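These are the structures in question, set out in turn.
Below, subunit A partners subunit B and then partners subunit C, in two separate complexes.
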Partner chain A sequence: MLTRFLLRRILTSAVQMFALTLAVFFLVRLLPADPVSRLVGMNASPEAYAQAQRSLGLDQPVFTQLLNYLGLGSKSGLLQGDLGVSWLTNTPVVQEIGMSLPITLELLTYSFLVTLIVAVPIGVMSAANPGKLVDKAVFIYGLFGGSQPEFWWGLLFVLIFFSTLGVAPAPLGMIDPLMLPPPRVTGFYTLDALIAGDFAAFADILHHLMLPVLTMVFVLSGPVIKMVRQSMIQAHASDFVLYGTAIGLRRGTLTNYALRAAIAPTLTLVGILYGVMLGGAVLVENVFALGGIGQYAVRSVLAFDYPSIQGIVLVITAISLLIYLALDILYALIDPRVVYS
Partner chain B sequence: MALAAGAMLGLTAFLPAAEAADSSLLFLAEDVPSGLDPDGPSIAIPTTQLGMVQLLEPLIAYADKASPNEDGVKMPDFSKPVGRLLESWSYDPGTLTWTLKLRHGVKSCAGNEFTADDLLYTYARALNVGGAVPNAWFLLNMASVKGFSTDVFSSDPEVAKKAKTLGDGVRKVDDYTVEVTQTEPNPLFLVNIAVTISQGVFDSKAMKEHATADDPWSYNYANNVNLPSFGPYCLESWTKNSEIRFKANPNYYRGKAPIEHVIIKKVPQGGNRISILRSGQAQLIQGMTPNQYDSIRKMPGLSVSGVYGNEGLFVVMNFKNPPFDNIKLRQAIAYAMPYDRVIQVGYGGQAKKWESVVPSTYPGFVAHEPPYTYDPEKAKQLLAEAGYPGGKGLEKYADQFKLTYVSEKETTLGPVVNQIRSALAAVGLPVTLDPIPQAQYGDRQIVKKDLAFAINDQEKPIGVDTGYAMQLFFVSKAAGGINNMVNYDNPKLDAMWAKARVEPDTAKRDEILAQMQNILMRDVVWLPVVEFKTQWAHSDKLKGFTWNPGNSLLLYDLHY
Partner chain C sequence: MTQVPPLSAAVPARRRSRRPAIPWLLGFAVVFAGGAIFMAAFGGYVVPFDPTDSAFMPSMPPPALSEVPGLLWSLVTGSQTEPIHWFGTDSSGFDVFSRVLCAPRIDLSIALASNAFALLIGIPFGLIAGSFRNPLTELMMRVSDVLQSFPVFISAMILVALGGQSIINVILALSLLYAPIYVRLTRTEVLTQKSKGMVEASRAIGQSELNIAIKHILPNSMGPALVQSSVTIGFAILLTAGLSFVGAGVRPPTPEWGLMIATGANDIVLGQWWTSVFPGIAISLTVFSFAVIGDALERRYNR
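== the complex of A and B ==
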């Protein structure tokens, strides 16, 4: 049953990806701008312009460009796993995404872990004591914290913790510029530092991640706490908890049962937020100069770097589809009522 | 928990700024180089050029003026070219041949000695035009170097192949002598070989070591790994989109750089660059708005060094878009322009009125007489003479009066365009604002040439010569003009350029170029508004700032 479910989902995803590939390919070419002019600048002749146009393959008909991109009209293309070469840097897009994506994944993974550690207990407490101090505090935080954009919080935290208190490092990326980064193995800075046994670098990387993670947690916790609270209130009102109360189960035991029922929608929310934040973390990446996939995406869009834009969209979509698939599987593990069909 | 522990340990792991102070420099910029190849796809991006000029060595540069400017920045004297990789040079007008004597004892980062083979390799690579942008070829073509013709782009493969072979236009006489022949007298040769980002010389041995069958000219290597040359710094490491590290070249022929290690780090947020500079962890920043520089000027321990170099703000009015084909209307706009308000509001006083269409620092610049000043009454009078008294009749041109500017520059240009809109509206000109993305702006300016009314603060002739500027921006396409974005077509001006282009007598050439500037200013072909300062903010302990026309700071000049 599970195998059939997975196969069907993978097939559907492949169709979705192909449709998206075509859509992105044509949509970027509809943008009212010319990437060649950005390349050559003003100190260039028409011959130089034409040469730049040829070097990008933009002198070819759009359909030929599509075939080349897909790898049907050239030696290497999407079907061969080649996302092309960035028009801005002349580096393979796969390599550039390989550099920037782990940074965003590392930021998001730590942020969501801390968010869950913080938000679930608070949400549970808030639901257990509606209208009391914790609940009111959650309400105020929801209004205040969630209503401000993350870059604003990031800049505020830099001002407080770096400029004023001096307890946070300068927003200079993942590691102090005066330290050498650990040799690249996985692309995840913390893991690479541990693999290299470089604990000074490991500590410095965590130190540099402190404020970006705090910023993300501050913004992400709001909806997660609300979801946990809401789900817990619903669970507490459900028949099985009422039955448990009636037969005299302890409050802790009841909370555990209720939490199991409440965690499924919370995980869904976290999964969706994770997918959204792959691109949405750009503001935090920008404030802390992290160089993640969001920053790479913005740079590519501003430069009208078609191969990079296409590559980023495909990779982010693929990850999002994987996350949703993993969520579906997790659902069944958490909730025995869910069956694959 | 792990993060908290990391925070504690990280504090102790951080190197104090003072420890690195004398031997290193942390320079925060908006970005780091996206490539390093002079013919690479990111050559037009200033932060790419910033990286390249630390590694590349030019053939010639310019001597410093006797005294620095008011901010203590040393300025080049463009009348005094000095040899860098060239020890000397001479020109024979009879044969149109330059004899270049190369400097002895120059070694690259890799320890290879500079010889004529490196220069020939550099020229042959330029002629190959195999990179994304044929930047190196372009300046040699513009300088009429024999063999650097447009045949290299021929659709006939045989013609192109033959044209890409370095012929007798560039000849090796011996290991330290090269002769370059031109097809006509053209003073731009000496001007253009001073442009480091285009004409810097490769370490040919190092380049060839990284050539492959698919990439015989090492474009991938120069774009993604290193730029081997004879410059003051060597590349230590480079992570695109993050940082680039340089180490002083121990073999540099002018002496090792005073600052041994330099890190250029990308910090996209201007506010953060200021915070880190204030903390003392960084010693130098760039890419701030004029107002931000103004605020840094008042901060203890920090300085701002600036220079009126070659950056200016001008208004584009397209001759192909009525009513901008009306000279009286163009002049009316010139008299309605609030020059002082732009200087004060837009640039915090760090700008001055621009009196011609070429930078005032360039040889051959001539200020227009009488200058256009802010004179609303005269503007109204000219508007009436143009056939639009009080702006009546201009309603139908509302689309043409959309003042277009680059939306990414909103922070800097926003206050400027608002001042201009208010002032022009006051005399009856129906101006609205039209911010568009940089890539779209570039497309419309360079390719379509259909920007009717626009503000531009990013164009400058990289060749330091008034004639170069004329050919680049104002001569018609039929007469060899290159990027005439306003579609100005004046046969008289074209004829004057045809004469000036091959005029060997500098005084006579300057006279013609002065007349051309007068015509351009009379017709308000561009409306030059202000020249603004190129600025850097830094620790007040950091000295030695020197401006060069590439606007990329040469780190070699800096010291504590």
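== the complex of A and C ==
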């Protein structure tokens, strides 16, 4: 059952990815932007313009461009796992994404870990006494945190913790510019520092991640707390908790049972948010100059760098689809009642 | 020891998971959002300075909090005839107070217009997709799926930057990105309405399917989409501000909150907090107000 379900899911995901690839490809070419003049400048001679156009491959018919991009033409392309070469830097897009994606994943992973650590107890507390003062405060925060301009909060935290209190480092990247970054193994700064045994660098990286993670947790915990609260209240109202109450189980034990039932929807939300935030962390990355995939996206979009733009959208969507797939599998493992058809 | 309710009296989970009601919060939200809408209409006429005209006094801090009552009094008595830079000036000498109050003209217009366009696209397509099930409408839903799987912020950036950074393009981009939400919401509601007795009765008296869809199903199916609007408007404001913050939205010197925060971002390290703190407070409370109103609407109409 599960295998058939998975096969079908993978197949639909693949079709969706292909449709998305085509959509992005034609979208960037349909919009009235002129990447050639952005690259060679407004005052370039017609010859220089024509030559740049030729070297970017934009002189060819769109259909030929598509075949080349997909890897069905003479050169390697998507089918060979090649996302092309950035027009701005002349570096392969795969390599640039390889540099920036781990930074975003690192930021998000820490942020979601802290969010869960903060949100689950608060949500449980809030659900224990619905309608009381704590619940009301949590409810207001849930609405507030979920509707905030995170970039502004990031700047506010810089103003408070860096400019005024001086306890946070300047918002200038993952590690002190004067410090040697750890040798690159996984691309994840903290992991690389640990692998190299460089604990000074490890501490410095955590120090630099402090404010970006705080900013993310501030906006992310709103919806997560809301979800924990709601699922807990629903679990408390369910028959198995009623049965537990009837046979005289203690309140703590019942909360534990209810929490187990509430954790599945919460994890789903976290998974979905993780996928959304892959492209949504752009603003926080920008404020703290972390150099993640969001910042790479901003640079590429403003430079009309088609291969990079296409690669970024493709990779981000692929990862989100993978997360959804993983969530479905996880669901089946956590909850044996889930039936796939 | 509390009495355990008997099984038959089990309260439905829905009623027990009700969110706490906080009336004063809704009151605040309505007043604040109303004020923002008022400013969108009349902000340009009530502010003391031209929002895009330099006062030739760059980076002037706002008056200290202790001076504010005295300054207000001198305005009332008429001893102070010069207008005051309540929120200071930014690095170009623009009056921050006037810019913050004029920005709803841009931010709210974009949010309201893009939401309206998204509804105009989303509801009819949702109605068609729900009323008629054939390969064409199936394809429509798949297209909507693909549109929805795009990373929102990055897509908005692509659409606006490559389409040309103008207000109208921000509106078009946002409506395109939000329309699939409305297609889905309306379609789901149409599917529930279709099974109602009134539809069968209309069919029995010989009305055409198209007539039923437009006259009977449509008015009953717009609710969820309209309720969602308040939330969408809030998010559209955030997205508009975010786009200009990274330089992919409207262009300076347009008085727009995100743009103001972006220009103030560099000053914040120097301790000049006022250029970005005030517009940030404005966005924060405006979007929060729309979220509170959205929550109240959802409570009222979606059971």
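Definition applied: the second predicted complex is superposed on the first by the 333 of 341 C-alpha atoms of A that agree within 3 Å, B and C clash if a C-alpha of one lies under 4 Å from a C-alpha of the other, contacts with A are read in each partner's own complex, and residues count from 1 in each chain.
FYI, a residue touches a chain if its C-beta (ideal position, glycine included) is under 8 Å from a C-beta of that chain, and two chains touch if they have at least 3 such contacts.
Just so it is clear, the structure is predicted and the values come from calculations on it, not from any experiment.
*Asks:* Looking at the superposed three-chain arrangement on subunit A, would you call subunit B and subunit C a clash or a fit?
*Replies:* clash
*Asks:* Thinking of the overlay built on chain A, is A:E106 touched by subunit B (first), by subunit C (second), by both, or by neither?
*Replies:* neither
*Asks:* Between subunit B (first) and subunit C (second), which, if any, makes contact with A:D135: first, second, both or neither?
*Replies:* The second partner, subunit C, only.
*Asks:* Tell me the contact category for A:I312 with respect to subunit B and subunit C: first, second, both or neither.
*Replies:* In the superposition, A:I312 contacts subunit C only.
*Asks:* Who does A:L27 touch here: subunit B (first), subunit C (second), both, or neither?
*Replies:* A:L27 contacts subunit C only, not subunit B.
*Asks:* Based on the superposed arrangement, let me know which partner A:L156 touches: subunit B (first), subunit C (second), both, or neither?
*Replies:* It touches subunit C, and subunit B stays clear.
*Asks:* A:V287 contacts which: subunit B (first), subunit C (second), both, neither?
*Replies:* both
*Asks:* Contact-wise, after the overlay, does A:D82 reach subunit B, subunit C, both or neither (first, second, both, neither)?
*Replies:* In the superposition, A:D82 contacts neither subunit B nor subunit C.
*Asks:* According to the stated criteria, A:L302 is in contact with first (subunit B), second (subunit C), both, or neither; which is it?
*Replies:* both
*Asks:* Between subunit B and subunit C, whom does A:P177 touch in the aligned arrangement: first, second, both, or neither?
*Replies:* A:P177: touches subunit B, not subunit C.
*Asks:* Let me check the overlay on chain A: which residues of subunit A are in contact with subunit B and also with subunit C?
*Replies:* Shared contact residues on subunit A (touching subunit B in one complex, subunit C in the other): 31-33, 155, 158-159, 162-163, 170, 286-287, 302, 304.
*Asks:* For subunit B, which residues count as touching subunit A in their complex?
*Replies:* That would be residues 2-11, 13-15, 20, 24, 26, 28, 31, 34-35, 37, 40-44, 129, 131-135, 137-138, 141-142, 150, 153, 219-220, 223-224, 239-243, 263, 265-269, 271-272, 275-276, 278-279, 281-282, 408, 437-440, 442-443, 445-447, 458-459, 461-463, 472, 482-483 of subunit B.
*Asks:* Could you please specify the touching residues of subunit C with respect to subunit A in the complex?
*Replies:* Touching subunit A: residues 4, 7, 10-13, 16-20, 22, 25, 142, 145-147, 149-155, 157-159, 161-164, 234-235, 238, 241-242, 245-248, 258, 261, 264-265, 268-271, 273, 276-277, 280, 283-284, 287-288, 290-292, 295 of subunit C.
*Asks:* Tell me, which parts of subunit A touch subunit C in their complex?
*Replies:* Result: residues 16, 19-20, 23, 27-28, 31-33, 130-131, 135-136, 139-140, 143-144, 146-149, 151-153, 155-156, 158-159, 162-164, 170, 230, 233-234, 236-239, 242, 245-246, 276, 278-280, 282-283, 286-287, 294, 297-298, 301-302, 304, 309, 312-313, 316-317, 320-321 of subunit A touch subunit C.
*Asks:* Would you pull the subunit A residues touching subunit B in the complex into a rising list?
*Replies:* Going by the criterion above, the answer is residues 31-52, 55-56, 86-91, 96, 99-100, 110, 114, 155, 158-159, 162-163, 166-173, 176-179, 199-200, 202-210, 213, 286-287, 289, 291, 295-296, 299, 302-304.
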